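Given below, in the form of structure tokens, are the structures.
You will see chain A twice below: alongside chain B first, and alongside chain C after that.
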Partner chain A sequence: MIERIGASVREKASSFLYALAFFGRVIDRSLRFFRRRQVGYKVLVFQILFTGVEALLVNAVMAMAIGAAIIVIGSSLLPQFGQSRLMYDIMVIVITKELGPLLTAFIVIARSGTAIATELAGMVVGHEIEAYISVGVDPISFLVVPRVLGMVSSLVLLSIYFNLFGLLGSFLVVQLIKPIAFAEYFQSLLAALAPGDILSGMAKSLVFGVIVSTVASYQGFSVGRASTEIPVAGIKAVGQSFVLCIFADVLITLAQYA
Partner chain B sequence: MKFRMRHADRIVGVFTLLAFVLLVGVLILMGANQRWFSKNYTYFAQFPTAGSVQPGTAILHKGFQVGTIRRVSLNEAGSVDAEFSIQDSYIHLMRTHSLLELVTLPLGLGSQLLLHAGRSLEPLPEESFVPTAATVEGQDLIELELVDIPPKDDTITRLLSNVNPLLEATSKTVTTLNRTLTELNRALAGQSEGPLGDIISDASAAVARLPPTLDGINEMVVEARDSAVALLDSANAIADNLETMSASFADPTGLVPKLLDPKGSLATFLDDKNALYNRVMTMLVEAERSVRSLREISASLSAEMPKLAVVLEEGKTALVSAQDVLEGLKNNPLLKGGITEREEQDSLYSSMREGAFE
Partner chain C sequence: MNADTRSAPLLELRGISASSGGSEILEDVSLSIERGERIAVMGPSGSGKSTLLKVAAGLEPAGSGHAFFDGRDIATLGQRDELDFRKRASFGFQDGALWENQTVLNNLALPLRIHRPQLSESDIAERSRALLSRLGFTDSLGVRPATLSMGERKIVSIARALVLDPELVFLDDPTGHLDEDARDRLYSVVDALVRKGTTIVAVTNNTGFVRRFALRLVVVANGRVTYDAPMAVAMAAEGIETAARSVVARLKRYAERDRLDEIEEKR
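Moving on, here comes the complex of A and B:
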């Protein structure tokens, strides 16, 4: 039993070190990406198209639903305590700083995290990675870096759209349920919004993008030879991405309010 | 090839560019709304504690944010110095006697820092000191109604804001009562130099003068009684004489001879060497003296009456204040209606004074 525990610890430590080295290499290759302007640029554009543009609709619907819910609840409940203006602060905190980046990351994990993991795992199982290496193409530079950069860019851009749809689009939804004055709403919202809130949300999105893309790529490359490992890689990528994103969110939030 | 694949570059370009344009637009609107490039005017204030006054705390006026707390620091006296800014569009609110008020919201919902504009038309120069409602200076400004304080719109806040003046009024009444009693004690002890002390001293002197006056009155009464007795004796004698004389007059045969008789009553009456006349004159002089003494006593009492009335009025006011305090304590202003409003009554002192000076 002790031997099994020891072997497990060694395996975990080895995997952790390998993941760290993988992450370091991804960062290193990402920094060189724009200088070399390789063919990977096209992969980057497609990655933004698949991860960002195609997720925009889901992102917008979710943002408007959450924003509308906050407005309806806030405008009904908070005036009873004489705190109507708190509604705008709550909207900014929930949509811009906290839930916006996290929900956007969840959408991207569900859509693109699994896609990247299974795609790369399929390439490993199909010996495509070996082919790239054999012809002198670095699979991290060509396959991982465009996906990492594309996912980070997409998450940052999606968080901007999430804010816009959540803060402004939700107003349009509320007009159908409980009309409120646009000028008052808009001015109060702009008064409650601070540049730090927007930067905080974008920083979280950037961190979540790095986490999701790196975990998905790592899990995609970690498969062996069996095709049955491909969905397992996708499941692992989703699970680990969720946990790491929440963990990172807590750390960033603690750092902000500490 | 699908449309989006053929035009992937353009779609991604629009997607990216639009996001940045919207972001920049929101930032510009935020800057305009939050007055990033507008001038703010700096002022200073002091608070007992920095618990609810932190950098960034909004300063509100009638629900609108008119300024912000910039900096707070603890000074050597133990108070918190606060530097705050007022937006240029609301600088007209910064007038002489303007006031800051830290209002604690009910249900643990924090606090609000309110700016109340002074009723003076004189603008308050930048970097001036603005008092807070918690200070003595601020209380004076509120009591003198030099500050325009709008009514609170929240029921609980309004209730709480009404409790404070009640408590302050009760405290002031108790203080006034205590001061009055102290002054009264000092006046009664002869240690006071104020008007009440003078009144008490005068009253004391008047009372001190009363025993000799009363003795004089007693003496006069005794003298008057003696004189009256003597007068009555004389009157009885005269009556007897008159009776005798009338009896003599009834007898016409003996009246003239008796009258003309050298040893008769008339001769005797006219030949008493002015004894009866002197006696009557003495009685009249003594009666005149008694009347003069009575007039002096009456004048002295009239002079002292207003002062005695003032003493009684002061005592009555003190008793009314004490009654208010006791009623306020009995009713418990936090739960009940506080001190019942009392109808004003005309002052006895003022009416007497008005009567005296008419």
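Moving on, here comes the complex of A and C:
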């Protein structure tokens, strides 16, 4: 029994150290990525297209829906307490600092996190990674770094996009339900919005981007030889990314408000 | 290259052991391979032949022991030496291991783009096309590997291993999935490698390939090298140890059959 527990602890410690080393190597290779001519630029462009551009529609719909819901709920509840103007503060906090980055990260986890994990896992099972090594291509530099950089930049851009649609696009939705004068809406919004709110959201997106892309890549590379391990890598990548993003969100929020 | 590395064997394995999932795959394997040697690694399925080849090529880590290329430990090569090693030693995979998200052309072009940056894209395409055509690949180079048959994938994989004109080629089951015509074309390409003095280490149980190209026979059984001798010695030897006996007996049987076929043809 004790032997089994010991073996399990040793295995967990070894996986943790391996994950740390993997993360360290990804960071090291990311810093060197733009220093020389890279065969990975094409992978980077594809990653931005897939993670950023192709997620624009679902991101915009979600942002507008959340923004509209806050306006509709806020404009009917807050006046009862004489706090109508708080609606804009709540909108800015929820959209730019809290839900915006987190929901954007969730969209990216569901779309790109699974895609990266299963694609890399398929490459491991198909010996494609060994083939890259055999011709002198470092899989971290060629396969992981472009995905990390692509996902981080896409998440930051998607977060800005979420802010735009959540704050301005939702105005259009609200016109259909409960018309508000644009000038009043826009001026109140600007009064509530501080550059720090936008920067805070972008910082969260940056952290989430690093988490999702590294976890997905790590899980992709962690499979053995069986094709049945490929979907398992995707599932693990999603689960761990969700948990780590929420954990990071809590830590960053605590750091901001503490 | 300094004086020490010049005198060292091209490839040397010292006390290599490897395991997977708790079971031992290789146990204390040592081999020394000189420049220009052509080695056939034979043995039963699951005996550790492919693992031995991958450890020798630095594609799988050894649990213990060391693999040296040109006197340098493969596991501790710096970035520049690693690139040099990959340029000089290439690997043809048993199941192709083609990059599925790349075209056939890009599967051959990537090693050239990395190791021969002076080549233009048209030179790269021309060189790739010429090599594939010598191996009998006639499809478009713009297709993805998913559309290819197993034999065609094998051809592309071998072409990728040879496109850099390496000094040392590891071939894992080079004749697998190939029909007779494709095998003949592969033989003529390997003939050209032999003329150039390329060192070849092939894992195969194809007796035709072994008798035509191998200068040395290594038999692996249960993760150990159980027989290692020049082909001429192996073919002449009597009463060799059990693990290698069936391999050598098979080689002799096919050699005898070919000899009788030749006599028949002459008649």
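Annotations
We adopt the following convention: the second predicted complex is superposed on the first by the 257 of 258 C-alpha atoms of A that agree within 3 Å, B and C clash if a C-alpha of one lies under 4 Å from a C-alpha of the other, contacts with A are read in each partner's own complex, and residues count from 1 in each chain.
Simple rule for what comes next: a residue touches a chain if its C-beta (ideal position, glycine included) is under 8 Å from a C-beta of that chain, and two chains touch if they have at least 3 such contacts.
Owing to the predicted nature of the structure, the values given are computational and were not obtained by experimental measurement.
Contact comparison for chain A: of chain B and chain C, B touches the greater number of residues. Looking at the shared chain after the overlay, A:136 reaches chain C, while chain B stays out of its contact range. Applying the stated contact rule after C-alpha superposition, one finds that A:128 touches chain C and leaves chain B untouched. When the two complexes are overlaid on their common chain A, residue A:9 makes contact with neither chain B nor chain C. In the superposed model, A:61 lies in contact with neither chain B nor chain C. Legend: residue contacts after superposition of the two complexes on their common chain; A:251 is shown touching neither chain B nor chain C. Of the two partner chains placed by superposition, only chain B is touched by A:195; chain C is not. Interface residues of chain A facing chain B in the complex, by the touch rule stated above, are 45-46, 48-49, 52-53, 56, 81-83, 153, 157, 160-161, 163-164, 187, 190-191, 193-195, 198. By the touch criterion given at the top, residues 37, 39, 122-123, 126-128, 130-137, 224 of chain A touch chain C in their complex.
In the complex of the two chains, the chain C residues touching chain A come out as 21, 54, 57-60, 82-83, 85-87, 90-91, 93, 95, 97-100, 110-111, 113-115, 117, 160-161, 164. Put simply, chain B touches chain A in their complex at residues 4-5, 8-9, 11-12, 15-16, 19-20, 22-23, 26-27, 29-30, 33-34, 65, 105, 107, 109, 153-154, 157.
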